[in-house]
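In what follows, a single structure is set out as structure tokens and then discussed.
By written order: A, B, C, D, E and F. Residues from 1 in each chain.
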Amino acid sequence: MSNPSDALGRLMAHALARAVALLILWLVLAGSDLADLPAGIVAVLAATVTSLRLLPVGPSRLSPVLLGPLALRFLYQSVAAGIDVAWRALDPRLPLRPGFVVYSVCFPLGSARNAFAALTSLLPGTVPAGDEGSRLVYHCLDVDQPVVSQLAAEEAALRHAIRHD
Amino acid sequence: MIEFMTTVLGFILAMLALGLVRILRGPADADRMMAAQLIGTGGIAALLLLGTVTAVPATVDVALTLALLATFASIAFVKKGRANAPDSTGDA
Amino acid sequence: MSAAIVFGLCGAAVAGLGLYGLIADPRPLRKIVAFNLLGSGVFMVFGVVARRGAASGFGGDPVPQALVITGVVVAFSATALAVALLLRLFQVTGSATLNTEAPAGTGTDPADA
Amino acid sequence: MSVAVDIITIVAITAGAFFFLAGTVGLLRFPDTLTRLHALTKADNLGLGLVVLGLVPQAGSLRGGLKLLCVWALALLAGAMVSQLIAREASGQRGDPAMRHDGPPP
Amino acid sequence: MPYPASVPGDVTTTGGFLLVLSVVIPVAGVLLAFVLGGRQAERVVLATMPLGLVIALAILVTLRQAGAPLIYLLGGWAPPLGVALRADGLSAVMMAITAVVIGAVGVFARVDFRTPRGSIEARAPFAFWILLLAIWGALNMVFLGGDLFTLYVALELLTFSAVPLVCLDGRAETLQAALRYLLFALLGAVLYLVGTALLYGSYGTLDIVLLSRRVHAEPATVVAAALMTAGLLAKTALFPLHLWLPPAHAGAPAAASAVLSGLVVKGSFFIVIRLWFDVFADLPSFVLAQLLAALGAAAILFGSVVALRQERLKLLVAYSTLAQIGYLFLMFPLAFDAGSTRLASGGALAGGLLQAISHAAAKAAMFMSAGLIYAALGHDRIVGLGGVGRALPVSVFAFALGGVALVGVPPSGAYLAKELLLQAASATEQWWWAVVIQAGGIFTSSYVLLVLAHALAPADASITLRAPVGRIQEASAAALALCSLLLGLAPWQAYLPAPDGIAPSTPALEALSASLWPLLGGAAVAILLGRKGDRLPRIPLGQVVAATVGPARRAALALSRPIERIDNMLRQWPAAGLSLLALAVLLGAALLAASR
Amino acid sequence: MTVASALEMALAAVVLGVATWTIAARETFAAVVGFVTYGLLLALIWVRLDAVDVALVEAAIGGGLGGVLLLGAAARLRVTETPTATERPSATVRVGAALLSAAVAAALATGVILLPDPAPTLAPAAAANATATGLGNPVTNVLMAFRAMDTMLEKVVLLLALVGVWSLAPDRLWGGHPGPRHRADPLGTLAFLARLLPPVGIVVGIYVFWTGKDHPGGAFQGGTILAAMWLLVMMAGIADAPQVSSRRLRIVLIAGPGIFLAVGLAGFAIGSAFLAYPVAYAKPLILGIEVAMTLTIAATLGLLLAGAPERSAGQ
């Protein structure tokens, strides 16, 4: 952090990572025809610059290696969530015990915490519904479920994937 | 396959029509917004199916645009929902 | 029934609904929404005209399609201008009515309101 | 091969339609705004995901399939954000949450 | 038919580039003024004006030399795929008068819309100059557009530039007036648009000349004709679709009112002419023509009576516009040719268009003078105008000149127009429309005289002017009024169709004396119906006349009250909307019945 | 009846239902939500009518920006609901309006049904002349070549609407920032979305514009997406709307019609006609105009939604 060239290197690395991701998006959308590439480069450049301005490079970044397992994990969770809510909706008895659960997160306010909130909004039976200082208020479909321990497990998984340099 | 997809498309449309009941009934504005959100998601699915059924590949671009912009109504809702409060600049 | 007829009837009906709302609802914002419905009904008729003109390997006649795109842009500009006028009217008078009989509002100095 | 692919498509799309059904039923049956929100975000996103999954093999090209997945990813991101925004709005309107269960500090 | 039946191929004619320039130069001016802003915007607009005038004149000259319409194919694409610009005599004279009026308004507005010292840019001037230029560009496009959809875009351009002008001062009433105007104009525009959809679906083109060859009476075409006509009438504010006009035209700043009343309503009127003399020429138009003129007659009656009952000068002038719009529609039955059962281009059309042109100049002058009087007095109550004639002689003179030109005193354009219309009425043996035409003249003179009687009466007390009146402003108003008064002397034969020649048939002196009758009649009407102050204005023999006309006046007022009440009712939104739809249905039914 | 036509009827029925609700709803807010869903569903109809270009416009405007505009207004005007609703016209008027609207709709429907068969079309003409521009999307050809004048004037319409909106500002705030200053928790959910989505949206927006040369898409659709992204950043309070007096902003706002006009006039001077493109350069010229138009549209739409200047500089 103290070394300016180091910071520049990090910036470049981040920029490059984002640019690559956006370039992949462009290629998926527009195909790899060479005639379209100039427009693609302009689009990717504009998007990368915007991205760097909107979301400056922070001290942490997602580890690409661990991102895969994380994604799989949440994919699985979101399938489970869908099944869970479908079951509750279609059950004639309407088995709900709605309520709020307050969960203390260790992520500071900012991107990491927002990412955590976004991911947990896909978990079975929970939707983040507010902040209270360092704590997130979750609305739950069934407060009898082990919501807090589940959230803690997700938090650990996410923290594992975010590498602090 | 085309028949099958068309049938599913009709089914999803029926679901969307059912979702309209929530817009009708409310009661809260948030309920109505959610129904609109449902119709957004369902509409994307319907578009993708329709694009495959009618063999118009560009339909995916329409779905992409919807996915990108369908949230904007909800954002406007949470932004302006408090516009009448004394602090009219709102906060979301 | 062909798609053209189904959506043609749908467009005509939507246009009728828009006309009714534009005339019968006293609230200006509802008139603006109704105008948009009316417009989209008309565009649907254009779309049907385009669809009927499918030829030369095109799924529809491109000319009416282009006209619809131009029309939508114009209608959107109109909506934006109307909404801005309405909001300004509300800001100045505290009410939103097109009824001239109604009191003209609190009447603050408009140039500095 | 093509039959197998078609079966995958049919199964996935049927499952997707089922989740749309569940989401809609939930939206209609659930008792209050916040519970309905669950039905909406979870079931619908899964429904869309399954429909996309079913369509990917029919897309004809890798790029077409990836494009479909992009649509889903965008819808997922938007759904996750909007559900939070609406939840905050709805719970803010209701004042203090009635029922709370505090978790232990991590 | 304004366009010759056989267009010499679809090729760009010599001088066709002038048509492009007449649209492009105002549009380029709008863009430039928008970027530069502030005082530069005003300069850009003022620099554009002479340029536009020159182009309009060049088109007049070229047209006369060519003897055939000028055509320009945009992008080199011929209709039906492409869009053509076409200028016939009607377009050319409308463009010329537009250039003149816009120029005069521009000179007039320099005082009112000056960017104040010490500020780089101010809101009202910035908007005004840009919108003024945009109106010009849009009108030129309306006059030249050869394609119905291009005309739609041009009409919307016109509406979008006109509406903000109405509420430039930001008062609540004007905001409301602007919103009513915008919404009603949009309703009219959509009805027009749906007609274009049906026409395209029926004939595969929107080009006016191509359509005029292809159109025949089919259900879809009849529906299109009815909806388009009704929509355009809403934009023109023909009675009973006038709810938006009086507050909008009376509330706008004087310079804006001059343009709105003089020019903007003529845009949609011009398209009505294009539709019925070209596109729908083969539809059975007898009932339609009678209906339009009947509405016109009603407009004259309502507009004039309500104008006489107004307390404020600008509202009076606005209601006078309503009546004059009605007058424009009297030409339709007179242009109906029983032989070919279609609207034929001829003396009646020339008269109608001439009336539109004269009204453009005269009404702009009247609004400008009214604005000057308002600015000087701080009010424009008609009964409080006493002494203005002495304090603001040039302004009142300009108003009087404009009024006299409008009444139809030779050699004004309105006089010539009236002559042509009366000739057509006698040629087609429709004496009832001749009566209406004469009545229209009487009514016009009544409200002009009413204002002059008040303005020329001595003041109760010496009036103090709130602000000095700009000489240049007065001069530009007077110049426009004079222009309207002298319009009858212009060489119209080259541009307007008139089989029997356009020169008036009666000797000048006789014509002058004949035109006194409307003035006398108008004076009588004014005495019967006009609003009086606490005391009567001291007209000659005031007391004696007052004693004798008392009962008559009471009777006349009793007749006028229901008219005012009906007008008030028709200006409510639902009533106007219902009238619009009813009119569309009626038109459609009439056309359908006739085409069976 | 085939499955497909049953589907069309179902679609039409749902759309008609939403439209009815939009008119009949008691509360304006509920009606506007209905209108937003209507816009979403309309995109389906346009795809079914094989007009994907229009479907893109409808998705971007009807489902996106139009919803933002109307929902915002509905929320601001909520206090006026009850008083204005009391001006409801009498039952006679409403019945009359219903009857007349129905009559007009019926006439329109009759007109549509009785349109001639086979339908006249310019599709062959458009196809035959497509080589003149070298673009594969016929709609873009119509917009940018055959009917270029309409497209250029339509951009001027957009600009004038913006001038109209700006002209509603109070005098003393002229030159200031449009709309209210949006404040949002800079670390909150909305801000997070506004930091993540725009880069993606920019790529998608430029793609939609770029693909419009050969496939459905184009300047307006792409520009609308970009405008939405800009608006998102503004609504999240991350960036403020620029001052209306900004010269740079104004240049962007006229770039589209300006370059269109310049190219048109160049065609006048060196080519065959106003708005004609030399065949060899048609494609790059059209794309160049479209680049400028995309930027102009994005800026204009964003500012149209932001509203009249409401704050002086720095407020």
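By definition in this document, a contact is a pair of C-beta atoms (placed from the backbone, for glycine too) under 8 Å apart; a residue touches a chain by one contact, two chains touch by 3 or more.
What you are looking at is a predicted structure, and each value in this text was computed from that prediction instead of being measured.
If you take chain D and chain E together, the chains in touch with both are F.
The fewest steps needed to get from chain A to chain F, moving only between touching chains, is 1.
Of all chains, the one whose Cα centroid sits at the greatest distance from that of chain D is E.
Using the mean of the Cα atoms as each chain's centre, the chain most removed from chain B is E. Looking at which of A-D and D-F shares more C-beta pairs in contact, the answer is the pair A-D. Remark: chain C and chain D have CA centroids separated by 33 Å (rounded to whole angstrom).
Centre-to-centre, using mean CA coordinates, chain B is 18 Å away from chain F. Chain C and chain F have CA centres that are 12 Å apart. In chain D, the positions touching at least two other chains are 21, 23, 37, 45, 47, 67, 70, 74, 77-78, 81, 84-85, 88, 90.
Counting partner chains per residue, chain E has residues 81, 149, 153, 156, 160, 163-164, 167, 170, 175, 194, 198, 200-201, 204, 574, 577-578, 581 touching two or more of them.
Residue positions 25, 29, 117-118 of chain A are each in touch with at least two other chains. Pairwise, the chains that touch each other are A-D, A-F, B-D, B-F, C-E, C-F, D-F, E-F. Note for the complex: chain B touches chain D at residues 1, 4-5, 8, 11-12, 15-16, 18-19, 21-22, 28, 30-31, 33-35, 37-38, 41-42, 44-45, 48-49, 52, 57, 60, 63-64, 67-68, 70-71, 74-75, 77-78, 81, 92.
On the side of chain F, the complex with chain A involves touching residues 187-189, 192, 194-196, 198-200, 202-204, 206-207, 210-211, 233, 238.
Chain B contributes residues 3, 6-7, 9-10, 13-14, 16-17, 20, 23-24, 26, 29, 32-33, 35-36, 39-40, 43, 46-47, 50-51, 53-54, 56, 58-59, 61-62, 64-66, 68-73, 75-81, 83-84, 88-92 to its touches with chain F in the complex.
Remark: chain F residues 189-190, 192-193, 196-197, 200 touch chain D in the complex. Residues 74, 77-78, 81, 84-85, 88 of chain D are the ones touching chain F in the complex.
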